[in-house]
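Pasting the structures here.
There are two complexes below, and they share subunit A, which is joined by subunit B in the first and by subunit C in the second.
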Partner chain A sequence: MPSDQNLSADVVIVGSGVAGSSIANELARAGISVIVLEAGPRVDRQHFVENFRNLENKPSYQGPFPSTPWAPHPPNQRSPNKYLHTSGPDAEAYQQAYLRVMGGTTWHWAGCAWRYLPSDFELKTRYGQGRDWALKYDDLEPFYYQAEVMMGVCGPDPGVEDLGSPRKQPYPMEALPLSYAGQEFRKLIAEKTPWRIVHEPQARNTRPYDGRPTCEGHNNCMPICPIGAMYNGSYSVYHAEAAGATFIPNAVVYKIERDAANKKVVAVHYYDPDKGSHRVSGKYFVIAAHCIETAKLMLLSADEQSPNGVANSSGHVGRNMMDHTGVQVTFISGDKALWPGRGPLETNVIDNFRDGDWRNERGAYLVHMVDDNQVDFATQLAIAKGFVGRELEEQIRYLASHTVRLFSHNEALPDPENRLTLSTTEKDALGIPHPQVYYKLPQYTVRSCDHTRSVFRQLIHLMHGTDEEWTPGYFPQDHPAGSTIMGVDPKDSVVDGHCRTHDHENLFIASSSVFSTVGTGNITLTVAAIALRVADTLKKELLHG
Partner chain B sequence: MADSKYLVGSILLGSALLSGLFTEQAYAEDAQQAALMARGAYLATAGDCVACHTRPGGKPFAGGLEIATPKGVVVSTNITPDPQNGIGTYTQEDFEKALRRGLRKDGAYLYPVMPYVSYAGLTDQDVKALYTWFMHGVQPVADKPPETQMAFPGNIRMSMMAWNMLAESEKPETGDSATYDKLRRGRYLATALEHCGTCHTPRNFMLVEQQDQYLAGSQLNGWFAPNITSSSTGGIGDWSEDDLVAYLKTGHAKGRSQAAGPMGEAVEHSTSHLTEADLHALAAFIKQVPAHDDAVEHQARDSFGQAAVEPDLRSGVVNRVDNQPDYSGAELYDANCAACHGVNGAGTADQYVPSLFANSVVGAGRSDNLIMTILEGVNRSTPSGHASMPAFGAHSDVQRLSDRDVARLVNYLTDRFGSGDHHVTAEQVGAARPRPSTPATPSDATKPVSAHAP
Partner chain C sequence: MRLMRRDVLLTTGMSALAVLGGGPAVFAQGATPSPSVPAVDPDLMRFMDISHCLTDRTALNAAIGAALYAGIVQATPQRRGQIQALYDLKARERLITASELAKAAEKADKTLKDAVHDIMIAWYRGVAGGKVVVYRSALMFDITKDAIYPKTYAAGGPFYWTTKPPEVARPTGLPALSPSPFVVEPT
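Let's look at the complex of A and B:
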C-alpha cells in the first residue's frame, strides 16, 4: 500500500525514548527541523497508572504495558516469550524487557542515573580485557552534566561522597534521603565490613523540579511512577514538541534507503499500523531505537548494496550483545526489622566492586540492597511454612519487615559470538521478523558473579539470615548494549567515537548499542549523554558546516 | 516600624527585592537614610509592586508582564530608576502623582489596573520612603517593555479621567503609619498597600470597585477571588485571626484553604514577608469587614465533606497501551489525584498535601478555582517552604487532561468532597483554560538554518 505522503526534515530520528527525544529537543531549540518516528503509540501516565492498579501480578514490570500488534515488545522476561527469542547456554540470562511507546522504556525504570567510571571507557588499556571506547570519560563529562540537568538528577555532594566519576558541577539536586532500611543497612556495612554504601544518583526529584513534584516514595518506580517525580522520555518529547519538533507515533521504520554510492542515507521508510508505507527524507539520520530494535532495523535494511545490512561492512551489527547479567538473593534477616518498601525502589549501593586491579580477570559489579515492598514474597513464604489464621497474619508482618533482597549488576564483555539476528520463522503483524539472540555468558562475567555470591553469603551470615532464596542461574538487568559497537577501526566496529557510522557519513546511532563495554552503573544516563553529544555534533555541522 | 531590626530581617527574606539595596554605600552610611530605605523596601513588598511590574523570568521591576483585563491586555511598565526606560527622571512629586493619582510624568493617564485608587491612601511619609527606595534601592534596568495597545475607547487614555471621577480613591492617611494602632494599621495595609479590594471587591459595569460590597468576591482571569467578608455563610466568618495569619504567612490554613494562582503569588511576593505584627493587624482588619452574604455560597466553603470510604475500582483488566478507556470521575481521581491526596481524599498526615474535604477550593459553590488549580497546579514559595502540585493543563509533563476529563474530575470532587455535583461541562473547562501563552522560547535559539531548503 504505497502512500503519497512525503515528509522531510534536516534531521530524521528513529525512536522517541530518552536518546531520540533529547536529541530532537536540542536540535529543535537550535531552529533545526526534526521529525521523530516512533513505532509505538502516544500514551498517557494515567492510563499506565490505572493499568498498574488493576494488574493482579504487581511485580510484572511489563504488565501494565500490553503492546500493539504493529510495535510488539517483550511481554515479560521469560523464555520462551512471544517476541524476543533467545537461545544458547544462557538464553534465560538475555531476556531483555523494553517498551515501544512514545517516550520509550524510561516509563518503567528505577531512575538510577550513574555516570560510568573513567576506567569503564578504557578496559582494554587498563586491564587487557574487552575493548576501549573511541571516546574518553572527559569527552563525555559536559554531556553527563547536561543530561543530569535535563533529567533532574539528585545525588550526593561529591566532596562528601565521591562516586569515582569526576564532576565539574555538583548534582542538580540534593541526594535522596535514605529510607530506614537503607540507613540501617548502611550502618551495618560501615561497622561490620570493609565496604561502603553510597547514595545512588537518581533521576528523581528531591524538590519540585521542571514543573514536576517531589518523590513521595510510592515504591513503584517500576512499573510506573504515579506522580511524575521520576524522569521519563515523555518529558523530553513534550519539550521537543514545544520547541517545534514533529513526532509521528505508530510509525514503524523498516528500511534505511541510501544513495547510489551507498555513502549517504537519503530516507527512511515506515509502515503505519495498516501497513501503508511512507518515506521520510532528510540530511542527517539518527537511529535511537533501543539496543535490540536498532540492530534489528540495520539488519532488516539489507539489500543488494549492503547484503549484510546497513552500516555493516564490519559484520559487527548485531554482535557483541552485553548486559549487566546479575545475581539475586532474598532472605530473612535474623536481626531487627528493616521494613523495606518505603521510598523509591533503589536508593543505596555497595560500590566497592566497581573497579580494581582484579578487573584483568573478572568483571566489576555493583550491589543494590533493593528497597521494594516484600509482602508478596513474605506471604508466599509464610504460606509455604504452613501458617494459617492469625499466625499467618503475624508471620506475614514479621517476614515482610525482615526480608532483605540483594542483587548485582555484573559486567559483561563484548563477544562477537553473542549475536542478534532476524528470526526466520517469527514475524510481527506487519511481516517484520522478530529479533533473536544467541547468548553465552562470558567467563569473565561468570567469575564476577561467583565473587558476588561469596559477598552475598557473607552479608547473609552477618545479618543472621535464614530462608535464603537464590534466583536460579543468572538474570537479565534490561541493560542491553553492544549491538552496533563503537571503535576506531571500521573493520571491527560499527560507529566511531561520535556515534557516526563508519559506512554512512550522515547516519548516527544514539543508543546503548554503541557501548564498547558495559561497566556497572545503569546505562540510561550514559545513553542520554552520548545522545546529547550526537546533538552537539549535528548542531555544529548543520549550523556551521 | 518600631523595631527596625525585625523589619530589615523580614526584608532580607524577600531576596528578589533586595538586589542593589546595599549597592549605594553612600546612602547606607546615613542611618536615617538607611531607615527610610528599609521602610521603602518593606512598603514595596507590602504593596506587591513586583507582582505586576516583573515579567516571568525578568529582572525585578523592569515591567513587561501582560495583564489581561476585561478591556484588553495591559503591559506593565519599567519602574526601575533607569532614566530612559524607567522612572529615573521622576521627581518625588512626579512619583507621587503616578502612585496616588494615576498620572504619568508626561501627563498621560495610567490604566486603573495600576491600583492608584488604593495607593492614594498612602501617607506622605510612606510615599517618600517608597520613592527613596525605588530611586536608590532598585537596580536600574535598560529594558523597554512594549507599549500597551488597547482598542477604542480604552486606547484613549483621556477617557481614564472620566473613570477617575467615577472611581472612589482612598483618602491619604496622615501621620506615621508605623505608630498606628492595630486596626488602623490593618486597614492601612489592606487598603493602601496590599490592595485586597483590587481583586476581591466586585466591580460595576464601568469596572469601578463597588465599595458597598467591599471584599465580597470577584472574577479574576478564570480564577475567582472569593468573598472574604465576615459572613459566616458566604465569606470567611468562621476563620480565626490565627487562621488568617497562617494563610497569609504560608499560603495554607490547614482544614480551610490554600493559595494558588494570583493569591499564591500575592502570598509568595508580599504577605509571607510581612512582620508578625502586621499579619495580625491585617487579619484583624479583614475579620471586621462587614459581612456580605453571597448569591452562590450558602454555607462556609471549608465546611463540606469528609474522608471517603475507599472505593474498590480494581478490575483486573489491563488495557493495551493505545486503548485508553473512557475514564469515569472516580477513575480519573484514582489515576491522577489519589497518589498524593489519598484514596479517601484526606491528604497527608502533615497536610503538606491538603485534604480535599474541609477545603474551600473544593467546597466552594463556584468551581472556578478548582478547575484552575487542576489546570495550572500550585507553585508557591514562601519562607515556610515550597508548596507544589503539578499542573494537569496543556503544558503539563505529568498528565495533560482533556476538557472532558477535567469536567468529570471536578464534578466527582465536588460531589464526593464538596457541596454536590456541579455539572461542569467540558465547554466550561475549555473556556477557563488560560489563553495559549507564547511557548517558552529558549534564549539560545537561532533562526532555522535550512528547514526543507536545499
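Let's look at the complex of A and C:
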C-alpha cells in the first residue's frame, strides 16, 4: 500500500460493489487513475461456500458472510437488529440485509436483472404519484445494455416475449430454460388465468461467458453461487484491478472533506481496522456505498460548513427511504409433483402487475414462484408434524416435491418522513454511529400488497393448495432506495440526472440511493446502468475537459 | 467421552470406527486418534440401536452416528439418560418399528419426545446441537436423490432441471408423535 500521505487518484470511489467496481473498471480501462476504498475485507468465494455448507439455518442469506468489527453489517433481518436499527409503525418491513465486503451485496443476489419500465421513471407525470426521475428511460437505455454485457445477462427474445422495456439490442445470452416446476406453473397460468409467466432476465450464464462457466443449477444463487456462473461485483473488481485500478480493503471512510468554498470535495478520510486515519485526495469522488451506508456517510461528514451533512442543503439526505415490500406465502400443492429447487432460484415471473392505469391508486408489483429446494423445509415440517421412520421419509418426499413458495416485490413511494438518521446510542468498534431508519409503509404500497394477497389466494385455489403459511406482515426484499434522491430541483433533491450532487460539483453518487421511485424489478441492473452513466460522464470530463 | 467432528473425520480413513457383523454396535473413539482397537462405547451402541429403529433402517453410517451422538449430548446432557430410557423401553416392550417406539416413548414420558425429535433432526438434517455435522450425507438427501441435489452439489450438468422429475404419491402413513410448533427461523 502507498504511504498515507501519497494516496491520490483522478477518481476516488467509496464502495466496491457493482456500482463502484464497474465505474473503476471503465475508468481504469480509459487510462484514468482510480482508488477504490472498501470498508470490508477481501474474501474468496470458496470461503463463503464452506460457510454456507456449515450453516444450520440455510435460508439465512447473511449467514455465510460474517462482518468485521470495523465494518459491521446487519447480521440478519431480525428486529431488533444488532446493526440496522428500525423504528416506526412498519419497522420490521425495513429490516434490510446487505454486505460490507469486497464486491458488495451481489455476493448474495439472485441475479435477477430487470430493466425498469419507461413509466417507472415518470410515475408523477403518468399517474400523479411519487416523483419523476431527472432522467428518462431513453437516457439510460444504452447503459442498460452496457450493464447487461458487463454482467452477462440472459433473457428472452424481445420479439417473442416483450418485457416492456424497449431494447435496441438483444440480450447478450439466450434465456435460461425454465425448470420443470417453472414449465408446469407457466402452463397453469396460461390455461387458467388471464396472466402470463415470462422468463426472468438474469445475470447468469447460459453459455460460458467472460471466463465464467455455464450455470449448473446448484440452486444456491442466494446466498452464494458456488461456481461463479452468476455475475457478482467481485468480477468487476478483478477486471478493474487488471486494468490498473487500486482497491484498498478494510478502509472505512468516515469523512468527506471539502474546499473552503464548500463547492468541491478535495479528499476523503478513512480508518483502517486499528483506527489509523488516512487521507485520499482526488479530482472527482464517487460515493457508491449502498443506499444505507451512502446516506450514513453523508450525514457522518457533517461539520461547520455543512451542519446537516455533505450534499444536504435540501435536507433530503437520508429521507425518502423505499424498498420492494414483499408478500410471501408457502403452501402444499395438491397437484402433481413439481420438485422445486432443480436449477437456479428465480427463473419465472408473473409480470402483469408491473404497470397499469391503476397505478394512480396502488403500487405495481411482480410475482415470483420461487424455485427453491424445499427438502430441508419439508424435513423440518414433517418432523414437527410428528412423523418418524418410514412414514417420515414418505412425508419428506411428498412435501419436498409439492411445496410452493410465492413472493412479490411491491412498489413503495418516496416519503420524506421515512428517514435514515445516525444512532445516538449505538456505535461500531471505530466509534462510528450505526444507522437507524424510521419506516411507515405508504398506503399506496399497502393497497398493492392487499391486491397481491388476493392473487396469491387465487393461485393457491388453482393448485388445490393446503397448509398455507403466510409470512406475517410485510417483509423487506433488500432493495433499499431513495436516501440521496434524484431530482431537477436542488431544494428537494440531492443529485441531478447525472447523479452529480447539487451542492458539490465533483461529487457523484452511484447507488440505488439516487432512485426517485423504485419500480418493481430488482434494482441491481439499474444501479449498474446509472453507475456506467456516471463513468461515462467522468470520462468525458477528465479526458476531454 | 467428547468426540469432535474433526476426530471422526480424521479417523474414519483408519477404520478406527467399524460396524460389527452388520449389527449396530460401534467402537468408541477417543479424542486422540489411535491405531489400536478402541473399547466399545455402550452409550454410542445404544444410540445406534435406537437410531436404526427410529429410522426404520438397518444400515446407518457409524462414523456419522458417533458425531451426531456427540453433538446431541454435548448440547443437551440429559439426552444421554433419555437415550438409555428409549433403549430400555424398546428392549422391554420388544418394539420393532419407528412408529411403535415413538408412540410408546411419548406415552411413557412426554420428555422423551424431545429426544426422538433430536435423533430425527440429527439423522435426517445432519444437525446436532444446532450445528451442522454433515450436510450432503444427511438422510433427507438420500431419500430425494432420484429427484434433486443438495444445494451447492448439483451434478446433473447444465439444464438438467428441464426434465420431468419422479411423481410422488400422497402418503397414507400417520404421525407417531403429537404435533409440535413449526417455527421457521427468520432469515
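Here is the rule we use: the second predicted complex is superposed on the first by the 538 of 545 C-alpha atoms of A that agree within 3 Å, B and C clash if a C-alpha of one lies under 4 Å from a C-alpha of the other, contacts with A are read in each partner's own complex, and residues count from 1 in each chain.
We adopt the following convention: a residue touches a chain if its C-beta (ideal position, glycine included) is under 8 Å from a C-beta of that chain, and two chains touch if they have at least 3 such contacts.
Predicted model, so just to flag it, every value in this text is computed and none were measured.
Peer 1: Return first, second, both or neither, reflecting whether A:Ile383 touches subunit B, subunit C, both chains, or no partner chain.
Peer 2: A:Ile383 sits against subunit C, while subunit B stays out of touch.
Peer 1: Looking at the overlay, what does A:Asn76 touch: subunit B (first), subunit C (second), both, or neither?
Peer 2: second
Peer 1: Identify the partner contact of A:Gly211: answer first if only subunit B is touched, second if only subunit C is, both if each is, neither if none is.
Peer 2: A:Gly211 contacts subunit B only, not subunit C.
Peer 1: Please name the chain, subunit B or subunit C, that touches the greater number of residues in subunit A.
Peer 2: Comparing subunit B with subunit C, the partner touching more subunit A residues is C.
Peer 1: With the two structures laid over each other on chain A, which partner does A:Gly315 touch: subunit B (first), subunit C (second), both, or neither?
Peer 2: A:Gly315 sits against neither subunit B nor subunit C.
Peer 1: When the two structures are overlaid on chain A, which partner does A:Gly228 contact: first (subunit B), second (subunit C), both, or neither?
Peer 2: In the superposition, A:Gly228 contacts subunit B only.
Peer 1: Tell me the contact category for A:Ser33 with respect to subunit B and subunit C: first, second, both or neither.
Peer 2: first
Peer 1: Quick check for you: in the superposed arrangement, does A:Leu178 touch first (subunit B), second (subunit C), both or neither?
Peer 2: second
Peer 1: Considering only the touch criterion stated at the top, classify A:Tyr238 as touching first (subunit B), second (subunit C), both, or neither.
Peer 2: first
Peer 1: Give one of first, second, both or neither to describe whether A:Gly473 is in contact with subunit B, with subunit C, with both, or with none.
Peer 2: neither
Peer 1: Considering each complex separately, which residues of subunit A are in contact with subunit B in the first and with subunit C in the second?
Peer 2: Subunit A residues touching both partners: 49, 53-56, 214, 216, 218, 226.
Peer 1: Show which residues of subunit A lie in contact with subunit C when the two form their complex.
Peer 2: Touch residues, subunit A against subunit C: 49, 52-62, 76-78, 97, 177-180, 183, 206, 214-220, 224, 226, 336-337, 339, 341-344, 373, 375-381, 383-398, 400-402, 469.
Peer 1: Can you list the subunit A residues touching subunit B in their complex?
Peer 2: That would be residues 8-10, 29-33, 40-41, 43-47, 49-51, 53-56, 63-68, 101, 207-208, 210-214, 216, 218, 226-228, 234-235, 238-239, 242-243, 250, 283, 542-543 of subunit A.
Peer 1: Going by the contact rule at the top, pick out the subunit B residues touching subunit A in the complex.
Peer 2: Touch residues, subunit B against subunit A: 313-322, 324-325, 327, 331-332, 334-336, 339-340, 377, 379, 386, 388-391, 395-401, 439-440, 442, 444-452.
Peer 1: What residues on subunit C touch subunit A, complex-wise?
Peer 2: 53-56, 97-99, 101-102, 116-117, 120-121, 124-125, 127, 130-132, 135, 139-141, 143-144, 147-154, 156-171, 173-182, 184-187
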